[in-house]
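Please read through the structure below; I'll follow up with questions.
In order of appearance the chains are A, B, C and D, and numbering begins at 1 in each one.
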Amino acid sequence: MTATTPEGWLLVLALTLPAGAMLLAFVAGGRHAQRIALGALALWLVIAFAIALQVQRGGAPLAYLIGGWQPPLGMALRADGLSAAMLLTGAVVLLAVALFGRAPYATPRGAQETRAAYAYWCFLPALAASLAAAFLGGDLFNLFVALEMLTFTALALACLDGKPSQFKSELRYLLFALIGSVLYLLGAGLLYGAHGTLDIALLAGRTRADAPTLVAGALMTAGLIAKMALFPLHLWLPPAHAGAPAAASALLSGLVVKGAFVLLLRLWFWVLPAPVVLNGGTLLAALGAAAILIGSVVALRQERLKLLVAYSTVAQMGYLFLMFPLLAAGDAETASRAWLGGVLQAVSHALAKAAMFLGAGLIAASLGHDRVAALGGAARVMPITVIAFAMGGLSLMGLPPSGGFGAKWLLLRASVETGQWWWSLVILSGGLLTGGYVYRIVAAALAPPAPGCEARPVPRAQELCVLALALASILLGLVPLKDLGLVRVGAP
Amino acid sequence: MSFLLVLAPLMPLAMCIALAWPSARAHVQKRLWAAPLPALIVALLVGHVPPLVADAGGLRLTLLLDLPGALLLGGAALLWSAAGLYARAYLGDQPRFAAWWLLTQSGSLGVFIAGDLGSFYLAFAVASLAGFGLVVQDGTAAAIRAGALYLLLAVLGEIALLFAFALLAVGAPGESIAIADVVPPLAASPGGAVTALLLVLGFGLKMGLVPLHVWLPVAHPAAPMPASAVLSGAIVKAGVIGLIRFLPEHGAPGGWGTALAVLGFLTAYWGVVAGLAQRNPKTVLAYSTVSQMGVIGAVLGMGIVLDIGASGLHAAFYALHHMLAKGALFLGVGVALATGPGARRWVLPLALLLALGFGGLPPTGGALAKAAVKDELGAGIAAWCAALSAFGSTLLMLHFVRRVMDAAAAEPEGRAPPGLLGPWLGLGTAALVLPWLLLPVVGADAGKIWSLAAVAPVLLGAALAWPWRRIADRVPVLPEGDLLVLARRGAAPREALGRAILRFETLFRPWPAAGLSLLAVVLGLLAAMAARPG
Amino acid sequence: MTGTDILALAACGLVAIGLYGLVAQAEVLRKIIAFNLLGAGVFLLFGVVARRGAGAGLAADPVPQAMVITGLVVAFAATALALVLTLRLYQITGAATVAEDPPEPTAPDS
Amino acid sequence: MTAGLLLDLLLALAVLGTAAWTLAARSQFAAVIGFVVTGLLLTLVWVRLGAVDVALTEAAIGAGATGVILLYVVARLRGGEAEISAATPSRAQRALAALLALSVGGALAYGVLSLPDPAPSLAEAALAGTAPLGLGNPVSAVLMAHRGLDTLLEAIVLVFAVLAVWSMAADHRWGGRPGPVFQREEHGPLSLLARILPPVGIVIGIYIAWVGADSPGGKFQGGTILAAMWVLPWIAGLVRPPSVTDWRLRLMIAIGPLTFLAVGLAGFVVAEGFLAYPPGFAKPLILLIEAAMTLSVAAALACLIAGPPERRRRA
């Protein structure tokens, strides 16, 4: 039985505040949209922080019954450590990206509203609302709606520039994401037919490894990993993320794909019965390993900076899947480590990748191109950006002290403990390959400028946003393990 | 007192951060030499400094200072300080260099006092990776190439260590990650050999054990003089302290020791042979470092074979001498290059003394270092091997002295500025005197240094140096980083593999293929989930 | 076999047809139609589930029905969005499929 | 075999047959017609399944609105033959796709047929939960109360979709009116229809939205009809949509979710919490939300059908 916890209203606020802000920005438009969005996102960060604090302090998940209706008829919002951590990450990244976008998406006083600025300031709170729905939702159908919200938001953000080349890749993304959603919905229908509820907490006690559950699990998982662009379902990600404007790419690669990840965790470690997880987890991890190795090698060979960073997302998403067999096979201690490692990877990748995409965008804007071979001189014009990019890269590589190191260390340790040492080889070679492509970029940026290269200076405020995100991904590695216990609250 | 332990790595780090403020920049650069002072003080206080244990959220961080650590910490602090002074005169104002310098220094000093897996790894990684900045300081194409190689191998080493540390943490009982808790069970654990192999791989890369030594002779000549001095003197010692800390003092299988000793001696000889075929004095010195680190590997290996608990201390003493002497020699190369042929004779005696110390010429510090490892390398076949190595070292170092003397200065009557001379003289004196002062610590018998067995290799080496001088110029030059030639041959297959992976990935990019994959994933997942476990 | 079972099989058939169309048809517009057929199959499955849950004097369980109504509206919004993208793609580039372009020359873009 | 079973079988075969024909149709136009026919057949299936609410929605949105927007795009889209045939998968790929799709369908069928009997159901709980709200239609009760959050988010999704559609416009057209320009038709069947139908249709639309509380119907179905009643005269060139920067249009689109949100948040003060209704006031509040939502659904659907601005902003 779920009951509303005293601080449960925070969850409602986390969902309704950005949703309301989006509606108001939609109506008001122009300069007001920007003010509403910035204010709402700042407040949202406060709320996310308060939720994390409550979950951490109370050591138990928060819950809120919508309208007081008890599941299975009603539905609940829940915030365990996973939700709280992801919500906080989302709030930090969104606010940083919003501040970053103040320059390119400004509406000067007296100027007419422009399409890109209007869409940008409406879709930032929209993304916040979608993420809140995806992270807090306690009902599988409600999460379907959240997934669709994310899809629409991601699509609109990616098309912000209105670049002709972007429409095709976005259409591919939309179609693929829609198939993913429908497959997810199909599975949800089967689960309702078998168990008479879609409430995650209730399903947790009811599922068995019977035919409807298995089929539902396979369909929903496939749908979700299509949205996460796990190899070999990654066709849409590199062009979509690389072609989008910098601020949008940062949100897409950093946050949007994590929405489906949280759903996948909910499905696998709450809904599906244990033996299914044990059997299927290895397949997921094998695909993840392929994503790490192939994605990294392909990233290493990209000639365009943004495509390289996008392929790096394909590779880094692979790490998220290594936790599945480790969590299923280990004892409580190991499972807890694998859990923390996986979630930490999601969080640190969100921060680091957002920084790297923003940095790549600044570099491209300054140099007028993003060919890796011709990045020379970038470090002279925008040292802060290049440093931030390198810091993000260090975190992706898994070098200490960084969030990425913590994540990879925990996964490494869990893989050794469960005797599945082959995953550690994947983690380590992935780190080496990551080091390779990060070095390529940083070395190119440090090189002296080519003759005739004209680099425009970039706004310091934007550089600082990038630096803040990169620093956050590094500082995550300095947070003591005890404080990361937040993630363990309510873990499976 | 233990707060001093934290200061040792934090002082350079704080100075590094202070560089960010333009107003503080000049002050920091003027006082580069002062950054390692807390480390020096804490090293002198060894025995009076209790370990510092900080409980940070279930993760127990330990900083501690034991005798081997103190020897290396003190030596490294001296070297960093002298080289810092030297760097000021050699390079002038270079804020970026100062930043890399201080960052590297922070890690390099921290590694000697880290007492748990976490802080050790952190310090080791900082020292390794920040060293990249020192290698590429000159910005030449050769420096960039050397830097890339350095970084690649450093990251490879990090990866091997990370894996080894994970195995250590898993193998130890309980949650502790203190080195003192995780290392003893290693000897008896079933996967221990793999862990030990990974440790030797990671630390051997840093020390330059053959065949992992290739970065040393490439990076040293490329780096500016003071950077080479600390690379060769202090940073490779991170590998030494690693082996001292992470190989079990007692109870390790003899096979590990034999393997390490064999690897060590091979390295010692390889360094000599490859070094003799070099022209650039800095490259010769780099190969000499390889050779000397091989000896230390052999000492630690034999320590395991003979089950000598104190071999870590002996190795640290040996390493201390190498640190100071090699640092002084690198600084000396800079001094010699700035000194015209007329004044060259004033440089020669100290250089010669330091150089011959590596062969064990009494009464230099080198002879004492050789005496300190008598327990390990003093008897049986090891003694012969050690004698051969001492002979080789003498030959190599005399080759070095000759190469240095050949290197031409711009003006015949040029004089090295005092900013170069002072640190060089100071460090050189320390290399000769300090081992005598510290001898009681290791309890070695100084009387044996005059024995025939100790002196013979030096004499023989010196005798053969003269004939070698005549044929040295006819020996074909071995490319710097000898075995790298083989690695370059692997470039074509690597390229082909990369292209193949790219083509494979392209297969999944068209829409129908992705759609088919999606359907196949549904069915595959269903099959995997439905499979009976086991 | 009951009537509901027959309709359940029809739902599965619609899903299969929709999936096939999405994978094997080239034009975007046809893919979008196939997506709608697939969606129809999924919603029909909810209908079957609702029908199986008939009781308490209701012809069908109202909860899945409510979900379908929500789902239909969302699916319509998605279709509209996809069609607008298709139209814009066509207006700008003349393309009617999402086949990958030949690798573009590395031209500067900003 | 009973008549009902036979009917189900015939319906199932007809649905699958038209669906397959839709895929196989030579022209895109024929495919759209096939899809609309499938949708209408599905409406019958929904009636057979005892889900009249869904049947109405399927007819209005699934077949109706989707069909209209598909036709509208087909009329403007001309794909190059060469490009299409180049992008068409090879015969082997299509065979493999058929095999895999059938396997997935088969697995799904196996899963569906092994659903437990008697099926778990919330029918009783929903019925019991409907009475206190003063509603007569349990589907509406589920939509507005028990799963009110779904409906709220869905209403917000519609706003997302409108905004996303608008943001596909070319930059210089921002501020213009949505959709293409239609020639004003003073005479002719379309013009006649556009003048006669709307008054009737608007009444029907409002009625369907109004009765939703107690019998099949509701905001989505009613709103769709209202949207159609605007689209018709628009295509006939009789009315013109307001500019996308017109705040009144925007407010119309957002008023539904805003009202829903406001009532939901008011629940913190006047009732037990978010989206809870004070006892006795549930029905009026729900009707208020439904009214606002009907307006918004109509406006949003009309905007989705019209598409992004295609005309220049008038200074």
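Some notes on this structure:
The definition used in the following text is that a residue touches a chain if its C-beta (ideal position, glycine included) is under 8 Å from a C-beta of that chain, and two chains touch if they have at least 3 such contacts.
Bear in mind that the values here come from a model prediction, so they are computed numbers and not experimental data.
Ranked by C-beta contact pairs, the top interface belongs to chains C-D. Chain A and chain B have Cα centroids lying 41 Å from one another.
We define each chain's centre as the mean of its Cα atoms; on that basis chain A and chain D are separated by 30 Å. Chain C and chain D have Cα centroids lying 13 Å from one another.
If each chain is reduced to the centroid of its CA atoms, chain A and chain C end up 26 Å from each other. In chain D, the positions touching at least two other chains are 87, 89, 93, 97, 100-101, 104, 107-108, 112, 115, 119-122, 126, 142, 146-147, 150, 154, 157, 160-161, 164, 168. Residue positions of chain C with contacts to 2 or more other chains are 15, 19, 22-24, 32, 45, 48-49, 52-53, 63, 67, 70, 74, 77-78, 81, 85-86, 88, 95, 98-99. Multi-chain contact residues of chain B (touching two or more other chains) are listed as 509-513, 515-516, 518-519, 522-523, 526. Chain-to-chain contact here is organised exhaustively, every possible pair of chains being in touch. Those residues of chain D that touch chain C in the complex are listed here as 4-5, 7-9, 11-12, 15-16, 19-20, 22-23, 28, 31-32, 35, 38-39, 42, 45-46, 48-51, 53-54, 57-58, 61-62, 65-66, 69-70, 73-74, 76-80, 83-89, 93-94, 97-98, 100-102, 104-106, 108-109, 112-113, 115, 117, 119-124, 126-127, 138-139, 141-143, 146-147, 150-151, 154, 157-158, 160-161, 164-165, 168, 218, 220, 297, 301, 304-305, 307-308. Those residues of chain A whose C-beta lies close enough to touch chain B in the complex are 172, 176, 179, 183, 209, 214-215, 217-219, 221-222, 225-226, 231-236, 272, 275-276, 278-280, 282-284, 287, 293-294, 297-298, 300-301, 397-401, 408-409, 412-413, 416-417, 424, 428, 431-432, 435-436, 439, 443, 447-448, 479-485.
Those residues of chain A lying in contact with chain D across their complex are 4, 9, 12, 16, 19-20, 22-24, 26-29, 64-69, 72-75, 77, 112-116, 118-119, 122-123, 126, 129, 133, 139, 141-142, 145-146, 148-149, 152-153, 155-156, 159-160, 162, 167, 186, 190, 193-197, 210-212, 214-216, 218-219. By the touch rule above, chain D contacts chain B in their complex via residues 87, 89, 93, 96-97, 100-101, 103-104, 107. Put simply, chain B touches chain C in their complex at residues 509-512, 515-516, 518-519.
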